[in-house]
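There are structures below to look over.
Here come two complexes built around chain A, the first alongside chain B, the second alongside chain C.
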Partner chain A sequence: MFRYLLRRLNLFLATSLVMIGVLFYATGLFPVERTFALTGIHSPTASQLIQIEQDYKLDSNGFMQFIAYLQQRLSGNLGVSVTSHQSVTEELGTVLPASFELAVMAAVIAIGLGVPLGVLASQSQHKLTQNTIMAITLTGYSVPVFWLGLYLSLWFGVDLGWLPISGQLNLLYEIKPVTGFMLVDILLSDSEYRISAFKDALLHIVLPATTLAVLPFTVVVRSTRSAMMNVMNQTFIRAAEARGMHTNTIILRHALPNALIPVLKHLGLMLGSFASYAIVVEMIFSWPGVGSWLVSGIYQRDYTVIQGGILAVALLIIFLSILIEVLHTVFNPLSRKDLYASN
Partner chain B sequence: MPLLDVRNLTIELDTPHGRVRALEKVSLTLNAGEIHGLVGESGSGRSLLARAILGIPGPNWTITADRMMWDGNNLMAMTSKERRNLMGSDMAMIFQDPSGSLDPSQTVGSQLMQAMPKNPKAYFWQKHKHAKLTAQKWLHKVGIKNPQKVMSSYAWELSEGECQKVMIAMAIANQPRLLIADEPTNSMELSTQAQIFRLLSQLNQLQNVSILIISHELETLAQWCDHLSVLYCGQVMESGPTEELINQPYHPYTKALLDNMPDYSGIEAHKAIMPTLPGSAPALQHLPIGCRLGPRCPEAQKKCVNQPSLSHLRDRYFACHFPYHGETTNDDPTA
Partner chain C sequence: MSGLLVACGPQRLPSGLVYCSEGNPESFNPQLVTSGTTIDATSHQIYSRLVDYDALSGQLVPALATSWAESDDGLSYRFTLRENVKFQHSSRFTPSRDFNADDVLFSFNRIIDKHHPYHGVSRTGYPFFQSIGFSEQVKSVEKINDHEVIFRLARKDASFLSNLATDFAVILSSEYADQQLALGHPENLDHFAIGTGPFTLVHYAKNEYIRYRRNPDFWGEPAKVDMLVYDITPKSTVRLAKLIAGDCSVSALPKAGELPVIKQHEQLSIESQPGLNVAFWAFNTQKPPLDDVRVRRALAYAVDKQNILRAVYQNTAIEAIGVLPPASWAYDSNKKLLDYNPQKARDLLKEAGINNLSIDIWAMPVARAYNPNALKTAELIQSDLANIGVKVNIISYDWSVFSQRLSRDEYDSVLIGWNADNSDPDNFFTPLLSCSAMQSNNNRSRWCNKEFDAILDRAREVSTQAERKEIYQEAEAFLAEQVPMLSLAHAKRVALTRSDIHDMQLTPFGGISFAQTSQTIQEKN
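Coming up: the complex of A and B.
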């Protein structure tokens, strides 16, 4: 097991290194002054210029420059934003939690609704129920997110007026950021409007989270269903029945744990597309997260923000996919069997 | 009163080729405390019969029977919930694929502890320990030497024999009165097979568990069973006490099975053709009418296109129009 974890860590480091290498190469291709692209300082003073050349070793060869670049980036120096003149690291610190909040909500919706519905679809004997669920998930799978997001905000936000369509919180409320997670911060604050602010924040998150949840939800339903159908035909389910266990107990204790393992794998494979979905959703609902921050950075030719955003998002995706693979191994004793065999 | 009494059980399967009678008018009587063997080729519907008796039918089955009595209670009239309750406590079953019968994602111990009978007197904080101790006790009883290690392993870390012992422990922990063993020793080496059979017969003697063993090995069954039923293509050919049945088969199929058994005495010439019945067992879509052995039967006549009903001579039952009776066997040159 230790050897396995070491190899996964190795994989993470190697992939990240390649990714940073590509980023370093791309930085050189920006159609601006190299010092500007690296630091975001538009017209540096003489002393700043010397400092930059020292930091990034601009007078040595490419390899040494990459080492210096790596050193700067890994120590948290992502330069300053061209437009806001603030440190990119600090800006990342404020936008990342907002994205996390949205992603967690979407994941809760997708898994919380998707798994029961998938189980239901696999257990139902009626062709009609099965086909209905399959038709709905196929529609959800194929509908483009930008269209869906716009129409949801048009229907529920504009026409019906039930839900707010942009932002994270109404401007009326002033909440001091502590953790960066809005819902947590509201509960932590001692404002007298805490409860109504919390309600408002919840209302704000409904539309973006639902839109973002549609794709993972359909993936979860479909893969849960197929995995459950597969598992329910196996001998150990027959054996559990023969022991007189109740069908619900069998599903919860034996079928579902085995069925969720391939679901986890599916989700891990789709992580990249979920991330690009999240960027589009954040743009549509002006959610102050990494996605909209990155896209506005791209619009404004904010080279340091582009680098910082890509670095953060790519590192996260690499980390999460490896984490999911490790979790898959932890929860699936059968994959450990292969592991023993290979070592 | 017999423990289990099944009369004219018919199972029809809905297949893409239409409805098929996989089991036709099968009768089976099982007395308390006996070991009953069910012999048949693969595909003869032995497992279907076992699952129908236990009450875990597949989704495309239609089961009809004149009578299905369990200890004086009508199984046909019970709701599925009552059947399920019966399964855990009075009837139990072990399967032919023991390692596949255990959940691969849970340790053997946790599954075993779930199957252990609950102690109503224990407080909830004692329940875990109690279940663990009972599980170890039962593992010890079925002949597993290191219960602790087996309980913390996963099913794929154990051998087939060990898995089958675990399955037996689970099945008998609730002290059932009938244990259905569906090819319990399939894919095991001979010494393990012997261990499992010895264990089953011990259970029968010590706990008075009735056992229904399903197998295709007539020799092995003849060694361990009190009664035998011979199944061919979903029809009962013959059933009766093992000794009498082996010594003097009434039915041509049983006789063919016994005659064609290789005796390993080495008298046969090298590469000699082994004697078998001509032809092979028909596919379920192309079943012959009447007695299904008809086309292959050495004694078949015109009358055999009607299915013979199960007739009996003392405690022997057979379904044949032309049985090898006591009187006729003397004239039979092949006997």
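Coming up: the complex of A and C.
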């Protein structure tokens, strides 16, 4: 197991290195001066220029430059934003938590509703129930997110006026950022409007989280269903039935834990699509997360923000994919069999 | 979850006003810019000026100067300053003294004195002041005592007081400036602004919001709302949606096509006011073949303005026959100088010996009061010009990139416009088309004509309105002859509000002000 973990870590480092290498190469392709693309400082003073040349070893060969670039980036120096002149790392620190908050809410909705519905679909004897659930999930899977987001905001926001459709919170509530997670910060704050602000923040997150949850939700339902049907035909389930165990116990104790393993793998494979999905959702609902920050950076030709955003998102996806694979191995004895055989 | 929400009772909202604005300000000091977005966010909220224009009567009224006197020869102006005016304080700065003559000296010397330690802090220069030749016009600003200053001019200028009343001529704190300079961060002065206006800047989060609080020590009538928030929302449809959903109470610059939607929602209302503005199509007169006046005139004849009024403004604007809008006192409705005539345009091009002309039109990416949709305008012009055999490429970038590249002088022509800062007609000519405006990159036509500058100088030296009107009409005729740019339309200023907002004052010129705006308190369920 130790060797396995070591190899995964190795994979993570190697992939990240290649990714940063590509990013480094791409930085040179931006149609601006190299010092500007690297640091975001438009017209540096003489002393700044010397500092930049030292930091990025601009007078030595490409390989040394890459090493210097790597050092700067990994020590957290992502340069300053071209438009706001603030440190990109700081800006990332304010936008990443907002994205996490949205992602966690969406994951809660997708898994909390998706798993039970998947089990229901697999256990139902009625063709009608099964087909209905499948039809709904197939529709959800196929609907383009930009259309769904816009229509949800049109129905619930504009026509019915039930839910706010953009931002994280009514801006009149003044919440001091402590952790960066809005809901947590509101609870930590000592504002007299704390309770109303918390409700307002919850209302704001409903539509974006629901929109973002649709795709993973359908994936969860469909893969839970097929995995459950697969597991329920296994001999150990029939043995349990033969012992006279209650169906609910069989499903919850014996079938579901086994069925969730392939669901996990499915989710892991789709992380990349979820991320691009999230960027679109953030744009539609003006959610102040890393996605809308990155897109506005692209519009404003903010080269340092573009690099910082891509670096953060890509590292996160690589890390999470590998984490899910590791979890999959930990929970699935069958995949460990391969491992032992190969070692 | 809805059960939980109901259980907690009605929702309480802090008192305040949210304004959905259209973009990020470039700076928090209006001296350094000409963009309306920055003016809206700073000038009337954070700062005050020496004198102000009364929004309704258009007359000059006292602000930080309580009275002023012009010398007989018109070459010096003496101002008596208001006493007991306090500067705002922030986490960075606590003022130790009241506003006095040093602050006035600092605010203007920074602009006119090239050796002033703060002069070079601005990377963008002082575009408005450069465009009107302010540093040549003002010889010196002198302090008589703590509450009296005197401005000495190089030549007589009827528009001088009007220029001091513009949104750009704000008063900064000299004490704060010295403190930041000593700390080695002079740029903080323009970023973490301190002024004497009705609101104090609290926090600015790029792409998200600007938060202000009421300034309790404001010298005038204190602001009606405790808090003012600018919700930065570049998309016009999103601003409308936020207004309907109640996330903002006032929304900027609606597109004309959205106005019918407002009428379906009874809680919304439209504020509008004929504006002192002009949308125009400026030709880069230094770039061939646009340096040939025949080509420029041909292009001007080819554009069907009525079509633009219908499609872009949905008939909410007035066709421009010259630079001056009907709301200006120097306007004359009888003179229509350039009409729509494609045949004439083709003849002129033939005469100039130009075939297969292809030009770029740069279209502003943001909605402005004078042109809600420059891209659509560009498309209409594209099809008009196709009629006379001219090919058009439309070019657009995000605003910050757009304005940067525009100052690099590499464009053929640009669709942009001008919002007047005061009611003086000079404000339409000198900042846009004079030679000094060319040095500050505000002259989008890059057109410098000594003869035209002489006309403008003459108009500033006489003082009766009737005489000045005549000279400005002469200027208009000269422009119609030379066509450095084609004026398209004069738009109304429009803002959308929720109906619990009162006294939202739109003025024909200048930036928006929330000092007097109030809101009926109501509980939101």
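As a convention for this text, the second predicted complex is superposed on the first by the 343 of 343 C-alpha atoms of A that agree within 3 Å, B and C clash if a C-alpha of one lies under 4 Å from a C-alpha of the other, contacts with A are read in each partner's own complex, and residues count from 1 in each chain.
Convention: a contact is a pair of C-beta atoms (placed from the backbone, for glycine too) under 8 Å apart; a residue touches a chain by one contact, two chains touch by 3 or more.
If you're wondering where the values come from, they're calculated on a predicted model, not measured in any experiment.
Engineer: For the three-chain model obtained by superposing on chain A, do chain B and chain C clash or fit?
Structural biologist: Once chain A is superposed (C-alpha atoms), there is room for both chain B and chain C without a clash.
Engineer: Touch check for A:Asn258: first (chain B), second (chain C), both, or neither?
Structural biologist: Only chain B is touched by A:Asn258; chain C is not.
Engineer: For A:Ser60, using the defined touch cut-off, is the partner it touches chain B, chain C, both, or neither? Pick first, second, both or neither.
Structural biologist: neither
Engineer: Check the residue A:Arg243 against both partner chains and state whether it touches chain B (first), chain C (second), both, or neither.
Structural biologist: In the superposition, A:Arg243 contacts chain B only.
Engineer: At the CA centre of chain A, how far apart in angle are the CA centres of chain B and chain C, to the nearest 10 degrees?
Structural biologist: Spelled out: centre of chain A as vertex, angle of 160 degrees.
Engineer: Which partner does A:Thr132 contact after superposing on A: first (chain B), second (chain C), both, neither?
Structural biologist: Neither: A:Thr132 stays clear of chain B and chain C.
Engineer: Check whether A:Thr179 is in contact with chain B, with chain C, with both or with neither, and answer first, second, both or neither.
Structural biologist: A:Thr179 contacts neither chain B nor chain C.
Engineer: Who does A:Leu334 touch here: chain B (first), chain C (second), both, or neither?
Structural biologist: first
Engineer: Is A:Ile195 touching the first partner chain B, the second partner chain C, both, or neither of them?
Structural biologist: second
Engineer: Which of the two partners, first being chain B and second being chain C, lies in contact with A:Thr235: first, second, both, or neither?
Structural biologist: After superposition on chain A, A:Thr235 lies in contact with chain B alone.
Engineer: Please determine whether it is chain B or chain C that touches the greater number of chain A residues.
Structural biologist: C
Engineer: To be precise, I mean the smallest distance between any C-alpha of chain B and any C-alpha of chain C in the superposed model; what is it in Å?
Structural biologist: 35 Å.
Engineer: Using the touch rule from the top, collect the residues of chain C that touch chain A in their complex.
Structural biologist: For this pair, the touching residues of chain C are 1, 5, 8, 11-16, 18, 24, 123, 205-209, 211, 227, 229, 231, 233, 238, 241-242, 244-247, 397-398, 400-401.
Engineer: Inside the complex, what are the residues of chain A that reach chain C?
Structural biologist: For this pair, the touching residues of chain A are 43, 81, 83-84, 86, 91, 94, 153, 157-158, 161, 163-167, 170-174, 193, 195-196, 199-200, 202-203, 206, 286, 288, 292-293, 296, 299-301.
Engineer: Please name which positions on chain A make contact with chain B in the complex.
Structural biologist: 125, 234-236, 238-246, 253-254, 257-258, 261, 331-334, 337
Engineer: For the complex, give me every residue of chain B touching chain A.
Structural biologist: Touching chain A from chain B are residues 54, 56, 59, 84-89, 92-93, 95, 97, 100-106, 114-115, 154, 156-157, 167, 170-171, 174.
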